[in-house]
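We just call them A, B, C, D and E in the order they show up, numbering each chain from 1.
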Amino acid sequence: MTATTADGLPAAPAADTAPAAPATAAGLVVENVTVSFGGLSVLDNVSLTSSTGEIVGVIGPNGAGKTTLFNVICGFVRPQEGRVVWRGKQLRHHHPYDLASLGIERTLQGVGLFQGLDALDNVLVGAAPVARSGLFSALFGLWPSSREERRLRDQAMEALDRMGVAEYAARMPSTLPYPVQKRIALARALVSQPALVMMDEPASGLSASDISELAELLGALRSEMGVLIVEHNMDLVMATCDRIVVLDFGKVIATGVPDEIRADPVVTTAYLGEAVESEPADARD
Amino acid sequence: MLEIDRLSVAYGPVRALTEVSFEARDGSITAVLGANGAGKTTLLRTITGLVPAKEGSIRYDGKEIAGLAPEEVVRRGISHVPEGRGVITELTVEENIRLGALWRRRQPDYQEAIDRAFALFPPLESRRKQSAATLSGGERQMLAIARALAAKPDLLLLDEPSLGLAPLVTAELMRIIRELARTDGLTVLLVEQNARSALSIADVAIVLNLGRVVASDKAAALASEDELRHRYLGF
Amino acid sequence: GTTSAKPTATTTPGVTASQIILGTTTPLSGPAAPGYSEIAPAAGAIFDYVNAHGGIFGRKIKFIIDNDQYNPTLTVPMTKQLVQADNVFATVGGLGTPTQLAVQPYLNSQKIPQLFIASGCACWTDSKYPYSFGFQPNYIVEGKILGSYVKKNFAGEKVGYLYQDDEFGLDGVKGLDQEISKSSIAGEQNYQGTSAGLAAGLGNQISALKNAGAKVVVLYTIPAATALALLAAAELRWSPQWVISSVGADPPTLAGLLSSFSKKAVTGTALLNGAITNAYLPPESDASNAWVKLSKSILTTYDKGYTAWDGNAEYGAALGYATVELLEAAGKNLTRPGLIKALETDGSKFATSGLVPFTYSASDHYGFSGSEIVKIENGNVNPVSPIYESTNTGPITTYTGSQAPVPNLFKGA
Amino acid sequence: MKLPRWLRLPTQPLLRHLLLAVAGGLVLYVITLSVSQYDNLELAEIGWYAIAIAGLSVLTGVNGQISLGHGAFMAVGAYSAGLMMEHFDLPLIVPVLVAVGAAAVIGGLVGLPATRLKGPYLAGVTLALAFAVQDLPNKFSSLFNGDQGIIVNPPTPPGTVPAERWLAWITLFGAVVGMVILANFLRSRFGRSLRAVRDDEIAASAAGLNPARLRVLTFAVSAAAAGLAGGLFALWSGIVSPDSFSLFLSIQLLAGMVIGGSGSLIGAWWGALALVYIPEWTQNVSGHFNLSAGVKANMQNAVFGLLIIVIMMLAPSGIQGWLRSLWSAIGRLARRSKGDSDQAVAPLTSTPSPERISP
Amino acid sequence: MGRFVDLTLNGFTYGVIYAAVALGLVLIWRATRIVNFAQGALATLTTYIAVSLLDRSVNYWLAFAGALFAGLVIGALTERVFIRPLYGKPDLNPIVVSIGLLILVESIAGAIWGSGDRGFEPAFSQIGISVGKTHLEFSHFDVFVLASVLVLMVGILVLFRWTNLGLRMRASAFAPEVARLLGVRVGRILTTGWALATFAGALAGLLVAPKVLLSPNMMDPILVYGFAAAVLGGLDSPLGALVGGIVTGLGISYVGGYMGSSMETVGAAVLLIVVLSIRPEGIFSRPSARRV
């Protein structure tokens, strides 16, 4: 299974052949990142790669450092050590808002929609990185900006349509059911056609049927972009991820394809536990 | 004993609950299930008085509590873990928990209840003095639950407690809830998206759809009704 | 304000067979209101007296008082409102330099008399603005008179200035500088006349003057600032010879402030004792003065908000008398050009409550021509000099005339 | 309630807003012709208030940055225009444009440190600025002529047009043009971005918006509108002096914005109307009562303060917000009378049908 | 040198007064997350109440206590009548209502007691203390002001850090709904917060009035400087309010003394901008916690 990235470069080898890609490959490379907050070590020498055509899952116990890892990639948190490389270039002193124009989008834990904008406008904000029209044209309402606005509007409608929520375009987020909001947030991330989407707990709060629809959707994205997800819902992770990285106390304790992870005893004791239905062993004595 | 009788709730023109009736016996766990937007959160918020009931009655220990302010409902021994955690991020972990129990600070087991809440969630113990804002998503969920338990409630309302929790912790949480119900006689109303795990510990379950109760039965019985499961519970 | 042109539009606006409409803007609230808010109502009381006694050529005076809070932004629209909606014949006693400067071009362009402006700015004589007339002795003249007194009586002493950083203070300093030599000046301090400028007190300025070795301190300050300066000096246990411009030296106003300050200090109203100031109206404590008696009795009857006799009430009454004189001098056939002509030709002969006559002529639009020096002793003011007159650049001369007698119109009061 | 196609406004921003402006302008034109000269002066006052409030509304209502010192930007505009008119004899448009430019530059500079400040901290800084701006003309009094300020000659009207009407035309025209530009701006991607940053800064930067840059931009645009208001104010008032820009002016602008409906350009006009007519009405009304001078003097402010409070309680989203909710209530009534159900919540495609299954 | 000492002492004494106002703002901010612009006007009102009592020859300290008590009552009433209906409304609304209240209260004071300035007796002599032969610009009254403000600050510090009431206040301010779910009687707590803050304001009024003359607008500039002080120190920090007040007072004094009085307000603005550019949430703010 080989795919090509947006640049036409060969994608990183599929998960089953090599767990970590060399730093020169296109896509995202996180190398030896270490973060601590006031002496408390949150990430300890963590490395990870992601490239187009691949869905990578990051799992681990609560407080393992998954969200922090996302924050490092996005520039919300500066690592004490290690580096983040995107398409062969190191991201240095980058800000969260730089990422979108580099082709990386992120969804937040929860929904993070703008409550004062309707669904369509929410998605249009996501199109900001590809908007080009200038301030002058905007102030005087000239045609370059209105033409572009029409074009972006079409794209945004397309993105909403793809998520199956086009009919809610004119509604305010707060009046919409939670799963619809989550889809709008996803449409916002996808409208600028990023090369990598990072999702923080996309399944949280969704019902089983919504989760299976989400899994389908993620599968469809695989060919177009890289996907990095943090998730506690094992159904989703096991069903969609090509490769899984397990964090515990800030360290990578396992990497592999879903079946390997499921079978890994270290992961089971630290994170998965027994199946929910059975009486759990007293893991925390 | 919680008795809900023909309860209706509306947000302006939007009807959220229509004539909902059920009972929760002392020491029982009742799972409240249903799709997104079915009205589960609204039900819990109405019980605690955060949302006014339009019609119907809510009786707890034989007394009407509909119309009471939330703080008064809480002071009757009802704790509510709200959807989306409701951790007060400007306070420390310990202050959050202390606040949860503060209204019963004159009771002799006040401090003991707080200590026990910490003991249930070891990650919190080590973060006592830390600002709650620094906690991870899952840790916040633990804090919200621990805080509710620190008030030593007789009736516990849990709104999607497994949200953001690691599978192992979810399992542990379910075990704790079941144990509290059995040993302490705690009554639990458990709203869960994850119907499978909720039904595994619940005694009875009700299923809401578009604000109406469409099914209510023993948990085991519901779990075995295939059509209902497929239609409303998605598994 | 929707009044459109009246049928009488062909005749002079604001004048009918039975009525003359006059207007003014003045601070009735806000930071400048203390004291000053008494002025316009006092003038109004004089008009009410006149109205009750037959009016002027049968015309009653309607006096409209607008509260501009000493803010030019309000003065402008309010004055325009007076002209356009209320149809005033003239404005009288508009209070404040910046406020009245703001409406000077407008009033003059509409050829509306801007009479007896309550300000001593040395700017009211300006050939561009023939319709504007000041009321007080201008601050340069006042500064000169105070300065020459200091030069004569405190020779060899180091002098310090504390002045408000605007036209009022700066004009005063201009006058002082003509008399007091640079070499005897120990230091100059100023403050902002805004509420922020007074929020931190005047301790810094006073301590600077003290440290510079000043023995005489001249204050070009408004009443609140005078009180703060005296207080700051008391805090330093410093008691220089105070010389205070008439603008900020009204003893009843100050005494009220200071007596409550000093309750916990050394002695009663001691802080103001011995201070020198100037006066162009008779001492308000001079109960035997005919004008003072007259004003007190009129105000008691006709001023609804009248509380206490003080310098502001006296000032307002003086404005009223001058206006009445002018309207009589302008004759039965009242027009705006006629009024201006009467003021320029006869103004210097008006019988007013002032100690000195007006200076008005075609080339001079300032008000009273000078003042006397008085000393504040136990809350009373006692003259310590003859009455002086001067002009912006001319020499200081002594005025020997006596105060005008009370006109017949007011004899009944 | 959809209008037929030919009745709907074009979506192209410039066309749409010009059309609205021409319609509004015509109404104003007719009003200026039919009212007294004094009313024309008040119309002119409404004009500069409206554009100043609209600018503040873009900053505070749309972008969520509180400014308690917007009068300071008006001062910048008014002084620049005043100085230009004092020293050069140029067509009116030049000093007004200079006022806009100068205020935009100063606004951008103030916006720089402001980008990191939130809520009350920003309020504190802007408040301090408004406080300071009153003292600067004294410090540099040779340029600004201290407390006396700069006298601005009223614009000379062409032909037989009365001066007041001419002034009203100029100010209202300036305000309407300013509004068109602000409306274009708000309808563009920038306007959307400002709202996004206001609602959720983290989500906005995750979506690729640079909050700091947008904040500075908003400050500049908003200050430019205030600068325009300042320039028009100079013409209207005939004087530019420090007292014209007291803290009270800034506070009035904020109050006007919230009363009208924050974030709304139409609301700015309501706010301006309120600021001009509330004091006038109070004065007229209190004139009819036999009040003591002390009470009368304080009536105007007391009523103003009270009205601010009452409006905030009765119409928390301002007059425009109140009108909007009135409109939608009427819409709901109309729909209900047509027999639509009031269950306004649309069921999800994935939600099962609501038939009842007995357990 | 003598000048420097005078400037320092003068700045310090006024700084302490700004701190008194700032403390009231901090108190109400922490208890309700509202910046109360009417704080100064309410303080003026209570000071007038003290004056009215004194005019009826009530004992000074009784009048003092009366004004403080009036502060408690007026604060509670203000919350119940004007602020309570605003919870859950846009953030700007309470700000604007407090501004409306400021205008209303000042004009009511003006209508009742007149717009004129009047003196207000200090609790102790305002004559400077002498050290040897030099007379310092620091009086017994200034000592009293400093002591009162210190007590107030420590009180607020203790209230928020160590008492259950303080914990409830913080919770109610940040997350009223959650606080109610934890059994906190949020309504009562907010009323208490306003009562205490207006009490603090009333104290500030009694300390300010002897220094600047009592008039309806007395507190306007003081409130601006007090607000600047609170923001400078960090609105959440009582210690910050004290330090911010003193820094503001000294800054204004030095700028006024060495650069001329017209630079005072400009100096205050520059000080604020510079400090907040370095520490956007004030000197004593804690580093902001994680946001994602």
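One rule holds in what follows: a contact is a pair of C-beta atoms (placed from the backbone, for glycine too) under 8 Å apart; a residue touches a chain by one contact, two chains touch by 3 or more.
Bear in mind the structure is a predicted one, so any value in this text is a computation, not a measurement.
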item: Remotest chain, subunit D as reference, centres from CA atoms; value: B
item: Longest centre-to-centre distance from subunit A, chain (CA-based); value: C
item: CA centroid of subunit B to CA centroid of subunit E, Å; value: 43
item: Interchain centroid distance [CA atoms averaged], subunit B/subunit D, Å; value: 47
item: Computed distance of Cα centres, subunit C from subunit B, in Å; value: 76
item: Sites on subunit A at which at least two other chains make contact; value: 67, 74, 76, 108-109, 177, 179, 209-210
item: Touching two or more other chains - residues of subunit D; value: 131, 134-135, 138, 202, 294, 297-298, 300-301, 348, 350
item: Contacts with two or more other chains, residues of subunit B listed in rising order; value: 35-37, 134
item: Touching residues on subunit C, where the partner in the complex is subunit D; value: 1-4, 28-29, 33, 37, 41, 66-67, 70-73, 76-77, 80-81, 84-85, 97-99, 101-106, 109, 123, 165-167, 192-194, 196-197, 304-305
item: Of all residues in subunit B, those that touch subunit A in their complex; value: 35-37, 84, 122-123, 134-139, 141-142, 160, 163-172, 174-175, 193-197, 200, 233-235
item: Subunit E residues within the subunit D interface of the complex; value: 29, 35, 82, 85-86, 89-93, 95-97, 99-108, 110-111, 114-115, 220-221, 224, 227-228, 230-232, 235, 260, 262-266, 268-269, 272-273, 276-277, 280-282, 291-292
item: Residue ranges of subunit B touching subunit E (in the complex, touch as defined); value: 48, 50, 69-71, 74-75, 80, 82, 86-91, 95, 98-100, 102-105, 131, 133-134, 147, 151
item: In the complex, subunit D residues that touch subunit A; value: 11-17, 180-181, 183-185, 187-193, 195-196, 198-200, 202-211, 217, 221, 346, 348-350
